[in-house]
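First the structure, which I've put down as C-alpha cells, then a few questions once you've had a look.
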Amino acid sequence: MSGFDLPLFPGERRPGWVGWLLLAPLILWMAAFVVVPTAILAVYSFCQRDELGRVVFEFSFENYVRVLSPTYLWIFVRSIGYAALTTVICIVVGFPAAWCIARSSERWRSRLVVLLMIPFWTSFLIRTYAWIAILKGEGLLSGLLKYLGVISTPLEILYTPTAVVLGLVYAYLPFMILPIYSSAEKLDGALIEAAHDLGCGPLRVFSQVILPLVKPGLYAGVLMVFVPAIGMFAITDLMGGARVPMIGNVIQNQFFQARDWPFGAALGCVFTLLFVVAYALWQRRSQPIREVRT
Amino acid sequence: MRWSFSAWTVLVFVFLYVPIAVLVAYSFNDSRLNIVWSGFTWKWYDQLWSNTPLMRALKNSLVIAGITTAASVVMGTASAWLLHRYRFRGAGILQTLIGVPMMMPEIIMGISLLVFFASISMKLGFTTVIIAHITFCFPFVMVAVQARLAGLDPALEEAALDLGATPLQAFRLVIVPCLRPAIVAGGLMAFTLSMDEVIVTYFTASPGSTTLPLRVFGMAKVGLNPMLNALSAVFIVATIAFVLFSDYLKKLSR
Amino acid sequence: MKRLRLLVVTVLAAVFVSAASAAKKSKELNLFAWSEYFPQEVLDGFTEETGIKINYETYASSEEMLAKLIAGDGAYDLVQPSDYMAEVMIRNKMLRPLDLKQLPNRKNIEDQFLHMPHDPEGKFTVPFMIGTVGIVVNTDVVKEPVRGYKDLFQSKYKDRIVVVNDNREIVSWALVTLGLDQNDITPENLKKVRPLIAEWVKLIKVYDSDSPKTALLGGDVDLGVVWSGEAARLWEEDKKFAYILPEEGAHPFVDVMAIPAKAPHVDAAHLFLDYIMRAEVSKLISDEFPYMNPNAAARALLSEEQLANPASYPEGMDYMNVFRDIGRGAAAIDQLMTDLKSAQ
C-alpha cells in the first residue's frame, strides 16, 4: 500500500487500521457468501452430469460452447430487448413522479414514498392474478371498455407481449422512482430559480441543471431495473402465457425440468459475467476526474 | 407545469393501486377460484384468522424482512460510505463483488448458496435464509446511497472535523442526516425485495422457516385461495393505518 | 440512529424468541410435499392423535423437490415424488425402504397400484393420488367432437388452446400421435416429432403448469391439455367443461409418498403414512383434491357426484402406462422445446 501513490480526491483517505477494521466484515461476508458460492458454480459449469442432473467431475468446455449457440444467444437478445423497453418506459413514466415527490412538502414526501412501496408488500402472485382478472378477455378492463362503447369484441391483451411489458413496468416502476427521488430530493430549488432568472427556458433548465445533478439517481435506477428485468421470467410466464422463453426460464429449466446442472451453471455464469464486466467498465468510466491534492 | 406533474403522479399511483383494489374486491368473492365473481362474503377473512400455518408463514416473513432490512441498511450505508471515503487497491473489485448478487439470476444464487451451506454442513433455517436475503438486498441500499453520495459536498465532513468532531461523530451527525432519503429509499427497497423473495428462499429455508411467498407459490397450483387476498387486504389496510397513525403522532409532537 | 438501534434490538429479540420455540425439536415430522395435498384438518388430526408436530414445506414440482434434495438438504422425513422421479431416486439409493410391518393400512390400497413399474414390489413407495393428462373442451363454444390430439391441434383452434408447460408431456403427446412409445426418447424419435410439435406450437396460446384452468375460466382459451385435477375442478365449477382421454393414447401419473434415506424421524414418518391410508382420512384428502384415489376403502366412502366426475374417474384407463425415467433424455427434450418455442 505504501509505495503506490494513488491520487486522492478531496475528502478521500487511505484506510487506516480503523478503516480496515470496518472494511473487514464486509470483505469476509463477500468472500463467504458471494465469492465461494459463485466459484462452486463456476466449477460446476465445466463439469458433466449424471442421470439425476448432478455434477460429475469430468471437465470440458462443452457447456460453454452450447451457450454460444444461436438459440440461446437469440433468447438472451430477446430478454435484453424486453428489459430495455421496460427500463425506458419506467424512466419516462417514473421521472416526473419521482420529481414531483421530491419537490413536495416534507410531510407528503415520506408518506408518498412509503405509499409507493405498499402495493409490493402483497404477494407477487396475488397481484399478478389481479392483473389477469383485469386484462383477460372477459375481464374488468374489457367489460369497462365494452360498457363505454369503445370496443365491441373482447380485448386481447392478456397473453401477448403488451401484457408482459405492462407487468414488467408495473413490477419495476418503484425501483426506478425511488433512486431518482433520493437524488432529486437534495436538488436545491435555488439552482433552478437561478437558471430561470438567467433566462433559461424549461428545456435548458432540464438538460443543463436538473439532469446532470439527478444523473447518479437515474443511473442507479437503470441498474436496479434493467439488469434484474433481464433475468425475470415469472411475469412473462404468467402474463405472456409462457409462449416465448426468456433467459430466466432457460436457466431455471436446466435445474428443474432438463436436469442439466452444469449447463445451467454455465448459462448463469455467462449471464452474470456479462453484467459484472459491463458494470465494472461503467464504474471505471464514471469515475470523476481526479484532482491531486497539493 | 407543476400541476401537470402532480396529475401525472396521481395517475402513477392509481396505476400502482388498481390491482390492489381488484384483489381487495376479490377477497369478498364467494367463489374459491379467483376468476369469476359469485357473491359477497366474509368467509375468507374468517378462515384466515384460524389458519395457523399461513399466519406463521406471515410472521416468519416479517421477522426475516425486518432483520434483513436492518442489516442491509447498516451494511449498505457502511459499504457506500467506506468505498466513497477510502481509496485502496481492490476497491473496484469489492464494489463489483457487492453488485454481483443484484445481477445473478436468483436460481443460480439459491442453488450455489445451498451447495455452499451443505458443504460446510450448516443446517438450513432462519439463519441461512436471512444471510441469503441480506446478501442480495444490501447492494440495493448501497447503490441508492452511493447515488446520493455522488453529489455530496466533501466540504461538509471537513467542516465538521474542523469544528472538533471525531470522524464517527461527523458521520453520525452530519453525513447520515444528509443521506437519510437514500437510506430510507434503500431500506424500503430491501424490505420489499425480502418480503417477496421466492426462489432463493426456497433453496435456503427449512420446514420451520417457511415464508409467506413460498406458501403462496405452492398454492398457485391448486388455485390461489381467496384467503390470500384477504391476507393481502388486511396487510395493506394495517400498513396504511400505521403510516397515517405515525403521521398523526408526529403532528401531535410538534 | 437511536430509533434504528431500537428497531434492530426488537427485531433480534423476536428472532431469538421464535428460534427458541423452534428449537424444541422433540416430536416433529418434516413433510415436503405438493401444496394443498394435505388439508389442514388431516394434519391437525394427526398432531392431536400422536402429539407430533408437522412442519409442512411445499414445492410446486417434483423437479424442484429433487433439486433441493440433491443440492444437499437432508432434513426431510417425507417427500412426494411422481412415479418416474421415484424410479430414479430408488435407483440412486435416495429413498429408504419402508418397514411394511408399521403400515397395516396398506391393505386399503387397490392391489394393482402397489405393483407399478417404478416400484414393482412396493418396497419404497406408497401411492398417494393418481391423475391423468387429457383434453378439456369448453362445450359451450366448441361444438364439434374432439377425440384426440389430431382433433385438438387444428388451425381453426389457433390461439384458443392452453397446454401444461411441461416439455416432456408435450413431446410424449407427439410421440403417441405418431404411434411411438412415449418413453422412447431417442434422437431419432425426437427428430420425427419435431415437425409435428413445430406445427402445434403455432396454435398454442398459453403454457401453464400451475393453473391452466385460469385461462379456460377466463374465456381466453376454449380447449386445452391439462392435468385431470384441473379438469375436475373446472367440471365442479361448470359442467360445460368436458374431459376426454385422447384416443391416440393417454397416460396416468402416480404421485407417491416415500421416505428419504437421510430422514431424521423415521418412526414418525411411518406413523403418518399409515394414518393417511386410513379410509376416513384418505376420503378427506379426496374431498379437497379431486384426483383419483387409489385407496379402495376410501373410494367406498365417496359421494356419487365425486365418483361421477369424468376427470377424476375416467373410463378406459390403462394404469400401467406410466412415464418411466428417461435420464439424460430430459435435456434433449428441453433443447428441442426451447428451440421450437423460441423460433416464433
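Every chain is named by a letter (A, B and C) in the order it is written, and numbering of its residues begins at 1.
Basically, a contact is a pair of C-beta atoms (placed from the backbone, for glycine too) under 8 Å apart; a residue touches a chain by one contact, two chains touch by 3 or more.
All values derive from a computational prediction rather than experimental measurement.
Participant: Work out which chains are contact partners of both chain A and chain C.
Facilitator: B
Participant: Tally the contacting C-beta pairs at the B-C interface and at the A-B interface, and name the larger one.
Facilitator: Answer by contact count: A-B.
Participant: Could you state the distance in Å from the CA-based centre of chain A to that of chain C?
Facilitator: Between these chains, centre-to-centre, one finds 34 Å.
Participant: Chain B to chain C: how many Å between their CA centres?
Facilitator: Chain centres of chain B and chain C, defined by C-alpha means, are spaced 33 Å apart.
Participant: In angstrom, rounded to a whole number, how far apart do the mean CA points of chain A and chain B lie?
Facilitator: Going by mean C-alpha positions, chain A sits 15 Å from chain B.
Participant: At least two other chains touched by the same residue of chain C: list those residues.
Facilitator: Residue numbers touching two or more other chains: 64, 67, 214, 218.
Participant: Spell out, as numbers or ranges, the residues of chain A touching 2 or more other chains.
Facilitator: 129, 133, 136, 255
Participant: Give the residues of chain B that touch two or more other chains, as numbers and ranges in rising order.
Facilitator: Residue numbers touching two or more other chains: 35, 111, 115, 119, 217, 220, 224.
Participant: Write out the stretch or stretches of chain C touching chain A in their complex.
Facilitator: By the definition above, chain C touches chain A via 61, 63-64, 66-67, 70, 88, 92, 162, 165-168, 204-208, 214-215, 218-220, 325, 327-328, 330-331, 333-335, 338-339, 341-342, 344.
Participant: Given the complex with chain A, which residues does chain B contribute to the contact?
Facilitator: 1, 5-6, 8-9, 12-13, 15-20, 22-23, 26, 34-35, 75, 78-79, 82, 84-89, 92, 94-109, 111-113, 115-116, 119, 131-132, 135, 140, 143-144, 146-148, 150-151, 154, 157-158, 167, 178, 181-182, 184-185, 188-189, 191-192, 195-196, 198, 212-213, 216-217, 220, 224, 228-229, 232, 235-236, 239-240, 243, 247
Participant: Residue numbers of chain C touching chain B in their complex, please.
Facilitator: 1, 4, 7-8, 11-12, 14-15, 18-19, 22, 30-32, 34-36, 40, 55-60, 64, 67-68, 71-73, 75-76, 209-211, 213-214, 217-218, 229, 233, 237, 289
Participant: Once bound in the complex, which stretches of chain B touch chain C?
Facilitator: Contact set of chain B toward chain C: 31, 33, 35-36, 51, 53, 59-60, 63, 66-67, 70, 73-74, 111, 114-115, 117-119, 123-126, 172, 176, 202-203, 205-210, 214-215, 217-224.
Participant: Touching residues of chain A toward chain B in the complex: what are they?
Facilitator: These residues of chain A touch chain B: 1, 4, 6, 8-15, 18-19, 22-23, 26-27, 29-30, 33-38, 40-41, 93-94, 96-97, 99-101, 107, 109-127, 129-131, 133-134, 136, 140, 170, 173-175, 177-179, 181-183, 185-186, 202, 213, 216-217, 219-220, 223-224, 227-228, 231, 247-248, 251-252, 255, 261, 264-265, 268-269, 271-272, 275-276, 279-280, 283-284.
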